[in-house]
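Two complexes are shown next, each including subunit A; its partner changes from subunit B in the first to subunit C in the second.
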Partner chain A sequence: MTGVRLHPFTLLAIAGALPALAWILPAPAGAAVTAGVALLLTLTPGALLTPAASPGFTVSGSSPGRRPGLVVLRTAVLTAAPFWLFLLLLHDVPTTLSIGLRITTMVASFVWLVAALEPARLVEAMVAAGWSASIAYLLAATLSAVPVLKARAQRIVEAQRCRGLSSRGGIAARLRALRALALPLVLSALHEVDERALALETRGLVPGIHRTPLAPPPDPVVERAARWVLLLACLSALIRRLM
Partner chain B sequence: MSIRLLALVPVAAAVSLALSAVVDAVALPLFLDTTGTILATALAGPAVGIATGIVTSAVNTLRNPTFWPFVVVQIIVALYAWVAARAGLFRSFRTAVPAGLGLGVIASVTSTPISYVVFGCTTTGGIALTTALGKALGLPPLGACFFGSFVSDFGDKAVTFALVTSVLHALPRRAAARFPWALRAIGAA
Partner chain C sequence: MRSLTLEGASFWYPATESPVLRDVSLEVSQGEIVALVGALGAGASTLLLVAADLAPRVTGGRLAGAVARRDRSGIVLPTPWTQLSGMAFTVWDEVAFGPANLGWPTHEIARQVDRALEQLELVPLASRNPTTLSGGELQRVIIAAILAMDPGLVLFDEPAAELDADGTRTLWRLIRLLANEGKAVLLATSALDALPDVADRVVWLEDGAVRAVGKPDLLADVAVCDAGLGTSVATVWRAGGLPGPYPLTVAHAVQRWR
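Presenting the complex of A and B:
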């Protein structure tokens, strides 16, 4: 399941350009085109849904023979659907159509991006492009820390319940429960900072040091040119819209 | 930025995102998604707070793309928290909660134009429903949008400030002293 492996910067450029065009081009026609393209993207072979590549979504529940692209499309549609409902609640049909198509473009583009982009490849690409290793670390470390802290939060909730903490009742009781649950989580996270700092120093990740990527993703000339084309397309559409 | 402060940013950002599990457990209508930004600012100053806010928004965007335009709110929250820390407003709940309520007003004023222009006030179900309530009360579209944002932000930011105050006071002095702003934020330096 390798499919088309676009460079991480190309994936980001596409996912950024589509929503930008959706808002720049006249609605609803322009947004309809971008929404269509974004939804089609979710079906492309590049949109591989693997747990490592998709922190927000899982493939559990999909049948063995099902194309991952369909799962990505379903995720995009299910994420965008509530917005349409609320838009209909608050606005007339033409406004709903205009804003709804723009939001659908944004949702589908990012859902596709999350499915297709591997954080490790992004870090390698950033380091290869000369970005500071610190910036790459910030993104990668946060992505890996969130599930760890969420699991710890769940353990704290269960432990406090075993000790008799009730998370029901009036607002004051719930706020007291919130403090009893949140405080151990935040304090334990802060105590990790020193360990992480020591680990970073040991690995030589000090500011101003340029690291060498182990396996930088290939960045063909065609893709680099395509990224410039996307940027120019957004700029020219913006200028045309403003004139 | 020193290595310790660099290590603080992902931890604080992850705290903001992991607190949703705690909020779910107590079933309160809160987000607490700026906790890490405010905490990082109170501990280490505005640069670390802004970095935490941006990283929080970036990672949150991967879960829900509608979060990215609100990165501006995270930056304003960090700047406000820095002013609060300099003034020592985290010294007690009596000073922190009103400061949090003030941030609630500022955050809703900042997020309303983004929510209105980009999403038509439909960022989350709760905000959409309170906006609909504002419309039903006869408010103009932008006023109803502000009403929706205000209802969700006002209490949330006060609770967040109170929580950060609790954390700062629960930190051992030796641990707090390792961060440049922690003691000043609680009025101990």
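Presenting the complex of A and C:
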């Protein structure tokens, strides 16, 4: 599959601009547009990336199977749905629409970003732009925490299913399974943080390093200009709203 | 030339009153392989962390005594899956993570990575995603990742724990090769049977203190065997009620028997 590979900063700019515009533009029309764009974006993460695999400086050129767009869209919709429910319980329909669309924009933008942005590319881009490698790693690790924790939770559920604890059935059974999942998930994550800190230190990721960018992603002029346009659009929308 | 020197080193983890290491003095020279043996909780892993300058700098806690390091160190921890950078989609990129952090020029990074991959027989896996590897393969990737940083002092904590028999043999050969290249090697292992052929010296740790230091013959010592730290041959000899000194290896046992 081939397609446009956006620079990580461009992905971040889009994911940041959409929620900003959702809150700045008049609701519900403005928020409806931004939510629509964000939900459409969730269908595209696969198309935005080009899998490639050859050894040697492939940080920005390879990608482990990206999630199909429909899965990302479903994740965004399912994450946003509870907010709509609570809003509907607390507010009238116009207010629910206004806030709900804005929250949907935020959720969809974040879910899309997590699906589309490869942490390794972000680190490379930030290091190439002169950022500290430690800060770049911290940001990238935060973005990759969701899928990592999800995979770990899946492994714990499978292990417990092997030991006879089913996560299916009535509410009581599901609550029991949830309790049995939460503790090992939190404890193993904490334990891993300790070991990972030691491992990263020994592999040279310490404050103040000057990391060599192995394969900095290309940052075309068009994308740099597009990022400025997004920033200016947000600023002008804000000024217009305030005036 | 000494690569690592500990003089009267004691170490306390945070919020603990009793030290995990007690007055440990130890030297490791360039080209030397020193093995730490001891029961669980004897302090071998902590000693490696101190030697790697990770304790107390990263772990917290308190260190007393003197620790001098002449060379940059690299440590291979026992659980390979927690040592992945999480920032690489191929084995090659994973191994290059450390050298890139050192700020080396790209041609030097490529040279060291290719060399480490060859040493660990990982070239066929270079384009694989590290998260799809088996435990043994992953362990070899992590060892390669440390070696690619060209440390003068290499520390191994149970390096053979995830490896199969072939992988273990390759590892011991590699460790000997590293020593021949002039690197100092300090390893904590429970693979006692390999030590007569691998280690130059053996350090017996008990409750955080050095109980004895000597040649690998130490692993056939009566007191060591009593502590469950003898080689398999020495342990069988002892279990058979045969007189000491116990033989260290099968070859020694055959000689004694004749």
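One rule holds in what follows: the second predicted complex is superposed on the first by the 146 of 243 C-alpha atoms of A that agree within 3 Å, B and C clash if a C-alpha of one lies under 4 Å from a C-alpha of the other, contacts with A are read in each partner's own complex, and residues count from 1 in each chain.
Quick note on the criterion: a residue touches a chain if its C-beta (ideal position, glycine included) is under 8 Å from a C-beta of that chain, and two chains touch if they have at least 3 such contacts.
Here the structure is a predicted model, which is why all the values come from computation and not from measurement.
> Looking at the overlay, what does A:H210 touch: subunit B (first), subunit C (second), both, or neither?
After superposing on A, A:H210 lies in contact with subunit C but is clear of subunit B.
> Between subunit B (first) and subunit C (second), which does A:A141 come into contact with in this model arrangement: first, second, both, or neither?
both
> Please name the chain, subunit B or subunit C, that touches the greater number of residues in subunit A.
Here the partner covering more residues of subunit A is B.
> Can A:A133 be said to touch subunit B (first), subunit C (second), both, or neither?
second
> Between subunit B (first) and subunit C (second), which, if any, makes contact with A:R196: first, second, both or neither?
After superposing on A, A:R196 lies in contact with both subunit B and subunit C.
> Which of the two partners, first being subunit B and second being subunit C, lies in contact with A:V123: first, second, both, or neither?
So A:V123 only meets subunit C here.
> On the A-aligned overlay, A:L43 touches which partner chain: subunit B = first, subunit C = second, or both, or neither?
So A:L43 meets neither subunit B nor subunit C here.
> Following superposition on chain A, which residues of subunit A contact subunit B and also contact subunit C?
In the superposed arrangement, which is not itself an observed complex, subunit A uses residues 55-56, 137, 141, 148, 192, 194, 196-197, 200-201, 205-206 for both subunit B and subunit C.
> In their complex, what parts of subunit C are in touch with subunit A?
Spelled out, the residues of subunit C in touch with subunit A are 49, 52, 54, 57-59, 73-75, 77, 79, 82-93, 96-106, 109-110, 126-127, 129, 131, 145-146, 149.
> Name, in rising order, each residue of subunit B that touches subunit A in their complex.
For subunit B paired with subunit A, touching residues are 1, 3-4, 6-15, 17-23, 25-28, 30, 32, 35, 39, 51, 55-56, 58-59, 61-66, 118-122, 125, 128, 131-132, 135, 159, 163, 166-167, 170-171, 175, 178.
> In the complex formed with subunit B, which residues of subunit A make contact?
Its residues touching subunit B are 23, 55-56, 79, 82-83, 86-87, 89-91, 95-96, 99, 102-103, 106-107, 109-111, 113-114, 134, 137-139, 141-143, 145-146, 148-150, 152-154, 156-157, 167-168, 171, 174-175, 177-179, 181-183, 185-187, 189-194, 196-197, 200-201, 205-207.
> Please output the residues of subunit A touching subunit C within their complex, sorted ascending.
53-59, 62-64, 118-120, 123, 133, 137, 140-141, 144, 148, 192, 194-206, 209-214
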